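As written, the chains take the letters A, B, C, D, E and F, and residue 1 is the first residue of each chain.
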Amino acid sequence: MFYHDKQLQYTVRVDTPSPVFAKMLQQAIGGVEGEIRVCLQYLFQSFGARGPAKYRDMLMETGTEEIGHIQMLATAVAMNLEGAPNFLKEAMAKADPMLAATLGGMDPRQYLSAGMAALPADSNGVPFDASHVYASGNLAADMYSNVAAEATGRALACRLFEMTDDPGMKDMLRFLIARDTMHQQQWLAVIEELGGHPGSLPIPNSFPQDEELTEYSYDFFATGIEGVDPPAGRYTEGPSLDGRGEFRVRIARPLGQEPKLAPPIPQAYAEAQQMMDLPDKS
Amino acid sequence: MFYHDKQLQYTVRVDTPSPVFAKMLQQAIGGVEGEIRVCLQYLFQSFGARGPAKYRDMLMETGTEEIGHIQMLATAVAMNLEGAPNFLKEAMAKADPMLAATLGGMDPRQYLSAGMAALPADSNGVPFDASHVYASGNLAADMYSNVAAEATGRALACRLFEMTDDPGMKDMLRFLIARDTMHQQQWLAVIEELGGHPGSLPIPNSFPQDEELTEYSYDFFATGIEGVDPPAGRYTEGPSLDGRGEFRVRIARPLGQEPKLAPPIPQAYAEAQQMMDLPDKS
Amino acid sequence: MFYHDKQLQYTVRVDTPSPVFAKMLQQAIGGVEGEIRVCLQYLFQSFGARGPAKYRDMLMETGTEEIGHIQMLATAVAMNLEGAPNFLKEAMAKADPMLAATLGGMDPRQYLSAGMAALPADSNGVPFDASHVYASGNLAADMYSNVAAEATGRALACRLFEMTDDPGMKDMLRFLIARDTMHQQQWLAVIEELGGHPGSLPIPNSFPQDEELTEYSYDFFATGIEGVDPPAGRYTEGPSLDGRGEFRVRIARPLGQEPKLAPPIPQAYAEAQQMMDLPDKS
Amino acid sequence: MFYHDKQLQYTVRVDTPSPVFAKMLQQAIGGVEGEIRVCLQYLFQSFGARGPAKYRDMLMETGTEEIGHIQMLATAVAMNLEGAPNFLKEAMAKADPMLAATLGGMDPRQYLSAGMAALPADSNGVPFDASHVYASGNLAADMYSNVAAEATGRALACRLFEMTDDPGMKDMLRFLIARDTMHQQQWLAVIEELGGHPGSLPIPNSFPQDEELTEYSYDFFATGIEGVDPPAGRYTEGPSLDGRGEFRVRIARPLGQEPKLAPPIPQAYAEAQQMMDLPDKS
Amino acid sequence: MFYHDKQLQYTVRVDTPSPVFAKMLQQAIGGVEGEIRVCLQYLFQSFGARGPAKYRDMLMETGTEEIGHIQMLATAVAMNLEGAPNFLKEAMAKADPMLAATLGGMDPRQYLSAGMAALPADSNGVPFDASHVYASGNLAADMYSNVAAEATGRALACRLFEMTDDPGMKDMLRFLIARDTMHQQQWLAVIEELGGHPGSLPIPNSFPQDEELTEYSYDFFATGIEGVDPPAGRYTEGPSLDGRGEFRVRIARPLGQEPKLAPPIPQAYAEAQQMMDLPDKS
Amino acid sequence: MFYHDKQLQYTVRVDTPSPVFAKMLQQAIGGVEGEIRVCLQYLFQSFGARGPAKYRDMLMETGTEEIGHIQMLATAVAMNLEGAPNFLKEAMAKADPMLAATLGGMDPRQYLSAGMAALPADSNGVPFDASHVYASGNLAADMYSNVAAEATGRALACRLFEMTDDPGMKDMLRFLIARDTMHQQQWLAVIEELGGHPGSLPIPNSFPQDEELTEYSYDFFATGIEGVDPPAGRYTEGPSLDGRGEFRVRIARPLGQEPKLAPPIPQAYAEAQQMMDLPDKS
């Protein structure tokens, strides 16, 4: 179960409130790269963990840390909105372009729906949706989902860092960026524990590989039409990363049939003409 | 631009149609681990690619391949529904438990909305939603998003393989599983081209690392209350994967303040009592 | 403004309640082809109608009718659930396959969330979402959106008709199918008032057609690769439907350039390698 | 910030695993009446709390408790799926109606996407979406949102209690139902602290009531057509609950004009006929 | 069934059109606190009403009233967009900051998708989604859901009132705010009819309370770690609101076990390492 | 299966980048009227086509063309963002109203989530959702869905044309508008092949029309209250479009009963008062 205290994990300070930055910060709360997503993702991976308990426990540690990140960012949004009330009505009334621009750049729901606070939504106001919580039951798949989350999360935090000159906000982001650095490597370290590429690939590594059509398992398919050269890279020649094959290029051409479905059944009520025996059936 | 021919990339054959399996297959079409997602993800990464053109071109190759996978799976769904018409009405009318069970296990919209064909939705009928298309503009972040997609995709295909005894379906899945094997390693091979962990981490590696608070960059935060031992692993000691730090455990305790927001502004219409100067403000 | 009385627009009678049919009926309430959609669509087209008031008024007539259709179907769902309570617990406890099948074929939320009543959701339990309310401000576009809604709606009602042997339900569906017949032709009659194809096409017909690249306005683009014959039909030769062009087939080949985007800007934090001057830039 | 230990808040025991009940339990995790919703709702109300700190603190207490409820239910789902693997493949292969019915009544994604674990989704597999997190910045509005959540939540838990005969599951639900009892009254107790109906209504009570059109503030509008009698109740006569008015019935008839919008502007590209000066403009 | 006439329920007048206010008004149409939600919520509660018919009838009265509120607000949006066409193109072409700010503050889809009319979406353009329609089958739960809707709805209307100086818009909002005042008390009056707190709590009051674990039914759980004082209030001591218990504070500590799930089953294709008998299983 | 080459279908050129126009263009990519929708719609109609193969083939031609339109528009978005980096930070730092307005008018996620590229979302940042992919299995219904898509799509393109003065963008839109012209008529030409209105109506035309209640099949229902005149038009008198009936006006009054549902069942846990035998049951 879970506990809390009253302090934030790291200081949140806003020197010059900015309603426009308050909108940008929403991406780090409820965006697909944001903290609600990683929090729920790590917790659900932990709640459903089967196998070595150490991974269940580690995931709970970091999932719990992320609740505190949501709290920090929600606090940062509220603080960036402190100055807003003074200009809202003025912006409506006066023809001051700077006020009007700030109003246009705000998230209206931070005022209308939340009374000057953060929303569990992204920077366009789209609510967070838990379909982004990846917890597959396969440890390696989950670790790569986590690396992807922390990589896009750190890119987002760096871009937010770029959008502000506020010393308090920059300090908070420096902390969050550092944590993303750690978390990227934390998940990749699990892959290393699993034996790296040879030990973990292909994911899931518990499926007997001779069941798959291995003649296509290490082929780069070039799908360009005639005259389009296939690209070359580490993935087009040399040993495969799992050490069990050799990368090759294959010009992709159909290996299958032309699909012909049975005619419509009467109960599905296609148009009558679809059910006639027409001569043009190629 | 894009072209097509009339054949499928690989043979799709259904020996014994199963409406229940037709529902399961939807996950591979419109699920978060499915083919619409990877198709759009690779194409959008390609369309927005900046930097070396070889990655733009490679992404287009594989994105184009995935359109054909959607086609294969949609064809497989339609073929698994061939037998359905015969029992639909019977299942309603008769008290035959096997028919009733099949009806209960079907996706009703494959009949009601599509007239016995596939939907761009998952196995619970939830429509695909393009928020799952990750294309961050950072090559390494995108490659890990792609590995995550192909790892969960291969796990899904293996589970579908387990759910069917149909030789035709098993053959198709063998092909798709093999392609997922390739694609996992294809994206990881790009990471290798970027120099592996030392060359690509932390993502984005273009953010000057001395801007982040590096004292927290390689610390595993243990957030358990007193008495809860922190887990140990590759991520708690030893050199960090990027070679620039040393993993450590830190008992996580607040580094920040207790958050106190300014009182509500009149224009936000909190309850009057929230705006009074109450003695209990702790 | 709006009024109501206490009766239903048409009799709703259920002779033999069926929880499985109660789930199917949800598609006609909250599905994309359902009544909430057409109700809101016609009302929003009416509320935003600009131009001749007669169309605003007609849309309000039919939008108001559709509220009553939602009511009829919601009543039908509740009536089909009457028998359910008796077997719910039994189905859990006993190993009776017929009860178990019925339970599996029910919408669990009709019980868990609504206490045996209809939901504003489709037959897979996906809530209705108002993005399906098309009201474009262009009368002809809206009429075709309405025809599409009533055509898929009537197909749905016919398929539901097929799924039941209950005389009461069949009678109700006979009525709803008849109303869809009318509504399809009602919207097409407006197109006829606008002058049919010559008078309404291309939609919007108020855009000066010499602004568009008319050399591509009546060409069927064949996008197949070499060896794939283009299909032939009314749309590949003969006068265009608006009477202003001649249909032709054009083998589609690129008219544009290879897209090359500028390199990533530093503020977007791509990987460093994406910003280097690499020799492989094709 | 937040902490955890390794135990559950209350014992979770499953005596006889049931994959069908595992699907039902999803509603209590990711449904609109479920635990993710109340957890995020109380935490966001706390994070954005302005005014007396005691409410901020109380909300954090209960928001933290709810994380543990998510954990309990996710654990219960996983435990109810323990028996599932044995029959999955059999159900596909054999014509055993009991197995087939169980398969039809399962959530396919608990297997396909999560490898036999809980999803952050409802009992129809629709992912949780944070638009259900109400945190308005007005304390009384939030308390009523919380009562609504706990009232529908307790109704859900009671219905789940009805669906199972498993002693372990019944024991867990007895605990959760008791907590809902407390939480309902906890939020209503805050209303009592605010002075009950006279002290808190109308919400927000900080809007100067003489700004509203008070002649309509205590009128029940009867919108029925002629011949439909208005209903009578506590809300049609007697003093209003806030003590500032008298309830009355008013036969609702239009107080406003017939809406006539300006003709379409050329830039919006309505059909040309909508922009003509037609005689039928009523 | 339903009827209409041609007038609005109350006058809608816009003295100075404002495209920015047109965007804000969307929240009152398609936001979670908006009119589509309450309209569908009251109608679905009415359509599914079981028990005393007077509540069914009352809900239909108010549900019908709300259709007219959607109409008023949609009309208000269209009227606020009247002036827009004149500056749209200018704003693109000229470097006039006031025009540019207005353009930035508009909802682009009101023009692009609706040709200068309202959308069934919120102020960020997120379409209304009917998962917000609460109709639980329990009268008291529904009444509190309705109070919550009208409380957040009135807060929203007050905030919109604050954002405009237009006399016509202020007059319309005065009317809508008054109706929200009535509706809040209307739903609470039903609770009073049910006997107030003692008569209605805990909701549902039909579940036999001795089935729940009453030792936890009136306890405030303090989940803070050591050193965090539990908050005090009406909910921590004194008689419970239903008169059947005594509020108490309990320091929340685990009452349950450490969750240990069974190892992964082979058919779920976890990584092989998750299925080994590892020594670190704590 | 599918192929590609390296060129765009038509030239994409941006003379003066505009981040605000980059946001508007999103509607043509991921909006309900956009290219992802028509692409998937035509491909799914093709993948599920039953009946004459010529329609399957034709749909694949145009579905394939539309992939290239997504590519063109995604390229156009990226090109319109080229200039953006230079002002992003300045806009934050300086009080320059023109920069601030541009920032307010941008889609923040094009920078934050995509690093200056297009998203599969609409102009408000709402992700594309595949519930808009209509593929009903009935050819005529699908053709009208396609006409609706191309009519709203052309209206959108014309409005975008209006919003830009950039010669390159105008040229690209001229091409896309021309293609929409063709596609509208292409789908209507199929209706002509099916025999026009007499041959295709009512859709589906395979349902035996004597099963429907034909006495309501050609009646315009006037749902206005007394005193509201029904509108008149092509749909109120004269032969029906399918040639099988005569349009008429009918004053809509209830043909059905007052709905009375059975009392709540105990297992659904309504409030106890709902289950009492109250005298007010009307």
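Convention: contacts are C-beta pairs under 8 Å (C-beta built on N, C-alpha and C of every residue); 3 or more make two chains touch, one makes a residue touch a chain.
Keep in mind the model is a prediction, meaning the values are calculated, not measured.
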Call it same or different for chain B and chain C: same when shared residue numbers make up over half of all numbers used at their interface. different
Which pair wins on C-beta contacts, C-F or E-F? C-F
Can you report the angle of the rotation that maps chain D onto chain E, using C-alpha atoms only, to the nearest 5 degrees? 180
Comparing each of B-C, B-F or B-E with A-F, which pair has over half of its contact pairs in common by residue number? B-C
Go ahead and note the Å separation of the Cα centroids belonging to chain D and chain F. 30
Could you tell me the distance, in whole angstrom, between the mean C-alpha positions of chain A and chain D? 26
Find every residue in chain C that makes contact with two or more other chains and list them. 1-9, 32-33, 47-48, 50, 54, 57, 61, 64-65, 68, 71, 75, 78, 88-89, 97-98, 100-101, 103-105, 111, 113, 115-117, 121, 124-127, 129, 131, 136-138, 140, 152, 155, 158-159, 162, 203-204, 207, 223-225, 252, 254, 256, 259, 261-262, 264, 266-270
Note which residues of chain B are touching chain D in the complex, please. 18, 20-21, 23-24, 27, 31-33, 97-98, 100-106, 122-126, 152, 155-156, 159-160, 162-165, 223-225, 227-228, 252, 254, 256, 259-264, 266, 268-275, 278, 280-282
Tell me, which parts of chain A touch chain C in their complex? 155, 158-159, 162, 225-226, 267-269
Touching residues of chain B toward chain C in the complex: what are they? 1-6, 47-54, 57, 88-89, 92-93, 95, 97-98, 100-101, 103-105, 107-109, 111-113, 115, 121, 124-127, 137-140, 194-195, 199-200, 203-207
Could you list, by residue number, the parts of chain D that touch chain A in their complex? 1-9, 30, 36, 40, 43-44, 47-48, 50, 57, 60-61, 64-65, 67-68, 70-71, 74-75, 78, 113-121, 127-131, 133, 135-138
In the complex of these two chains, what residues of chain B are touching chain A? 3, 5-12, 32-33, 54, 57-58, 61-62, 64-65, 71-72, 75, 78-79, 82, 85, 88-89, 111, 115-117, 126, 129, 131-132, 134, 136-138, 140-141, 144-145, 147-148, 150-152, 154-155, 158, 161, 174-175, 177-182, 184-186, 188-190, 192-193, 197, 201-204, 207, 209, 211-225, 230-235, 240-242, 247, 252, 254-259, 261-262, 264-270
